[in-house]
Amino acid sequence: MSNKILNFGIIGAGRIGRLHAENIASCYRNVKLKSVSDLYYENLHEWAGNIGIENLTGDYRDIINDPEIDAVLICSPTDTHAQISIEAAKSGKHIFCEKPVDMDPDRIREVLKQVDASGVIFQVGFNRRFDRNFRKAWKTVREGKVGDIHIIRITSRDPAPPAPEYIKVSGGIFMDMTIHDFDMVRYLSGSEATEVYATGSAMIDRSIAELGDIDTAAVVLKFENGAIGIIDNSRKAVYGYDQRIEVFGSKGCVTVSNETDSLAVISNESGVWSEKPKYFFLERYKESFIIEIGEFIESILNGKKPPVDGIDGLNSVLIAKAAKESLLKGKPVKVEL
Amino acid sequence: MSNKILNFGIIGAGRIGRLHAENIASCYRNVKLKSVSDLYYENLHEWAGNIGIENLTGDYRDIINDPEIDAVLICSPTDTHAQISIEAAKSGKHIFCEKPVDMDPDRIREVLKQVDASGVIFQVGFNRRFDRNFRKAWKTVREGKVGDIHIIRITSRDPAPPAPEYIKVSGGIFMDMTIHDFDMVRYLSGSEATEVYATGSAMIDRSIAELGDIDTAAVVLKFENGAIGIIDNSRKAVYGYDQRIEVFGSKGCVTVSNETDSLAVISNESGVWSEKPKYFFLERYKESFIIEIGEFIESILNGKKPPVDGIDGLNSVLIAKAAKESLLKGKPVKVEL
Amino acid sequence: MSNKILNFGIIGAGRIGRLHAENIASCYRNVKLKSVSDLYYENLHEWAGNIGIENLTGDYRDIINDPEIDAVLICSPTDTHAQISIEAAKSGKHIFCEKPVDMDPDRIREVLKQVDASGVIFQVGFNRRFDRNFRKAWKTVREGKVGDIHIIRITSRDPAPPAPEYIKVSGGIFMDMTIHDFDMVRYLSGSEATEVYATGSAMIDRSIAELGDIDTAAVVLKFENGAIGIIDNSRKAVYGYDQRIEVFGSKGCVTVSNETDSLAVISNESGVWSEKPKYFFLERYKESFIIEIGEFIESILNGKKPPVDGIDGLNSVLIAKAAKESLLKGKPVKVEL
Amino acid sequence: MSNKILNFGIIGAGRIGRLHAENIASCYRNVKLKSVSDLYYENLHEWAGNIGIENLTGDYRDIINDPEIDAVLICSPTDTHAQISIEAAKSGKHIFCEKPVDMDPDRIREVLKQVDASGVIFQVGFNRRFDRNFRKAWKTVREGKVGDIHIIRITSRDPAPPAPEYIKVSGGIFMDMTIHDFDMVRYLSGSEATEVYATGSAMIDRSIAELGDIDTAAVVLKFENGAIGIIDNSRKAVYGYDQRIEVFGSKGCVTVSNETDSLAVISNESGVWSEKPKYFFLERYKESFIIEIGEFIESILNGKKPPVDGIDGLNSVLIAKAAKESLLKGKPVKVEL
């Protein structure tokens, strides 16, 4: 590995932006957190000081226009991702962009066009690919251990729904939540979805329906390579964050169950009790957030293709869009590729 | 319990008919296996002698017309079930009929009409309801422990596809294999399916497609009570008979995984090895076949409603029919109720 | 297999005697339950009638002296086992004797002398060897899959202690409870114990100490082949009957955990709940009681050595005796072989 | 938490010393790694530079005598621990000392005397107490969830024995390996061992016997509070690092099984395969090494008692000494308290 020190800028210091910053400070000595931008940057001085961030600003363009900055992490609200990505690419910055890149495929295509033209690295924050369990499942599939893929199943259930204000701008469950699963089935299958059937309703909270969204869903995907993908989502599993995958094929099946807070098992008069799954994504995918940044850094230093790129960002949104349409129409919809 | 000895007749001594006979001989002292009919009855003398069957015949009507016979088990080929049921009901015999009752819902309605008119017990052989694991899951749901049901998932995979000659007359995967899962989701949900989306193809064996069937399927069901059912089937899981269910709701989730031949776990340089699931239905559901007959006997003796009745036999076939149609049309189909 | 019908007599119709009788009636058509003897035989008429037993008597000699009887199952109180075995052997009856054969090794040697002289089959009721899980572990070891055996561990805990009247005549925990584990380590190791260290106390119930017994114990055994055996016992595990074994060696490790009443797993706000182990030995070892009788029958029909013989009966008692002595002396004791 | 920056010195930069240094650099911003001493310090410049260590020296006294240094981590060879601890205490430095403090209890008592006199924090590196799984088990016991403790079982098996040169100076398996388990049973039981019975031999490698040590052991401990501890050790489990604990009591049982590298489970024709346990202590106890240092830092900042202190360091060695004696004598030995 190179001895080069990279200068990073982080645009948007909400929960995810701060997590990336802290991980970089702890784990990647070859990256300097030169600048962080956020609308509410005045509140961030203590936090920034603790982890050695040099500059705080309220304007992301201070980062885009800083010639020393090698790469930016775009962690601002979704509706800003595309614009900032385009400006960053024009400015020759490598880009790590949180999901989704945008809810409009055409807007994403604009981003990818600029990224191509500028020749910068563009990586999308589908962190679950970097989870050691899912990575092991993917590796198992790639090594041919399940043979031809027949059925991929994903269960993804959150411990609690987001706040109504969030739901209003989230783009709906498929764009906000299932999009991770769309990326995961693409990753596991190594193929593209051709058709989507999506159904569901607001079973947990009627107010979610009033906001035009659903909280419980089932999605069936058909893939180019013949595989079938089956996803079930819920915005509220009272027992925690349920994240399970399964790839079934001609030679076998690989499954991944839930990580827990400890392996302690208590047996008593009432039964045999084990821990619930880890509570939510920050706990469950803690290491994956670290690893995805590490691979982004490697891509920059080695000129390698990023592990999750703009096409992954685009195609997951195309599936989400088709899923939304299928839910409305009540029948399967082809995925525009 | 009564001291009455019941006389049973078994119509059809194929694998399932002989299994029921042997279970009755071993476990139910209050039932006499008076007669067994089968086209190939001449080959059955030694078997029949071993378990104390009095009469063997090539003509089922010898059983139907025998005034001593209290009840019949109809285990003959599917296309004879309806006719024999009607005759048996007319003759005042209680009836245990293997699944499916018939592939034509109207024909089933004729059977049920006669059964009602005759006032006999009519139980359908959906044995999985009597599996202790699935029964525990059902009980858990009925006790309200998962709350309102949101998602029911079933994975049902056979170790190997049936012979081509069987596939030709099976009525297709939904009528032959998934029908057990249709009954199970009705049982678990306590509700009726209103709509079915089914998809799939012949991924294991192209010749199955040539026979007009598929071997891999995904089915999404909508229920009257709002629950979503998701079923995945495969005719060939190389690791054995995969039979898993899950009911997820507002208060929690109950799952059932696969029974194995032993609990021995071997750890060595290669990993940690556990037993595969039990091979196929005779091994996996061994006790359920015994229990379903026991509850049939109890219904007769106590005049109780049978645990699985004609409506269950009809409605599962209605779902199967709708699934077939959905597969052909490529979109969801309403279930005729 | 032969077509011969064997005539069995059961001596002692307590819980275990009745269980053997019922299993034979259900499962072994080639055995006729000709006679059952018990001090309280007058109460057994309905039970005996239900399962087809021909004769009931209060005097076991009616069975011993009946020339038609081929074999006897000795299920009477422990202090009668030796005497009845000797008489039965003299009378040319094959013998299945419940454990322990006797608490006095010399008395057992008298029995074995008579058995040898008479040339009858003598099998001891160490049923756990016939449990499919432990049998699989044993097979795994014999196939060399764990290599040279280094450590064998057994945890054996009852759901509740026996009644004080029983404890008084039980011979103490090692003779009554741990003796199964002594047999199991001999079975798994394929070797003989040379030295025993046993310790323990009455942790559950002080009154057990007043009866001169203990309720919690740890035993370390050294084997001729170098293996170490480690056993822990408790008379009261509130979560049920805990029966786990492990054989660790140069090439790996095989473990067996507890069977449960069902595989249902419930996840909710409090955690992930699984079933407790099956309650006690009748539930947990149900099939083993059937199989051990089956192998006894086979030994008789085929003239094969029984799978558990008099030496097994003797050597387990020798270990139990040494364990008692070790507990008293507070140091290891050599096993007299 | 205080804003104070502590200056640490690390004495001994072998594997464990470097691990502690790297963890501090990554995780504890309020600690400056001012100095590191090691005989081979010339080779450490690049490593030291990467993690921001200011000074490297070949003489630990440069650290002891540095008035700026607040605390030292003693990670040098065992036979230097006591001397350096005494000097460090005299110099007013807080001390984190790797296990064992010394193999001679009297020498440890000298250390503790100086530590008391100097009023410094003295923490011993029994990191497993900080493992989240074992901590959860401990918490479960302390909350009374298993009731009165009856039996504590520990299985601790390494993937491979140490090199012969190491074995020669290790003090033997009880002082080097089982000492962790002695500390763990003290931790879990909340009591002191009164008597030890230890047995074992060189089953894996005869050359270990030639070095006067054993590689396979069983230890039975009696505790003041009546509990029995049972430990089994092996220097070579081919399937990895086997670290399991169990606490069984009057109200239930808590067990902890092995962490694995991933939760991927592969089912195929051969069976159901899961990952082996994590390979060795650096992998398995990765977080515990971080947490133990964190709690050491807190003790310094808050003046709290350290979570593992000199008494823990002494009493574990007393048990190890008694175990050695028991192995030689072939009988139980009282622990000198």
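Labels for the chains are A, B, C and D, by order of writing; each one numbers its residues from 1.
The criterion applied here is as follows: contacts are C-beta pairs under 8 Å (C-beta built on N, C-alpha and C of every residue); 3 or more make two chains touch, one makes a residue touch a chain.
Predicted model, so just to flag it, every value in this text is computed and none were measured.
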* Moving only to chains each one touches, count the minimum steps from chain B until you reach chain C. => 1
* For the interface formed by B-C, which of the candidate pairs A-D, B-D or A-C is equivalent, sharing more than half of the contact pairs by residue number? -> A-D
* Asked: Hey, how far is the Cα centre of chain A from the one of chain C, in Å?
  -> 58
* Provide the C-alpha centroid distance between chain C and chain D, rounded to the nearest whole angstrom. => 43
* How big is the gap, in whole Å, between where the Cα atoms of chain A centre and where those of chain D centre? -> 39
* Which chain C residues reach two or more other chains? -> 237-239, 242, 251-253, 267-269, 275
* List of chain A residues in touch with chain D within their complex -> 26-27, 29, 50-51, 132-133, 135-137, 140, 145-146, 251-259, 261-269, 275
* What residues on chain D touch chain B, complex-wise? -> 237-240, 242, 260, 267-277
* Sites on chain C touched by chain D in the complex -> 148, 150-151, 153, 155, 157, 197, 199-201, 203-204, 216, 218, 220, 222, 226, 228, 230, 232, 234, 236-239, 242, 248, 250-253, 330-332
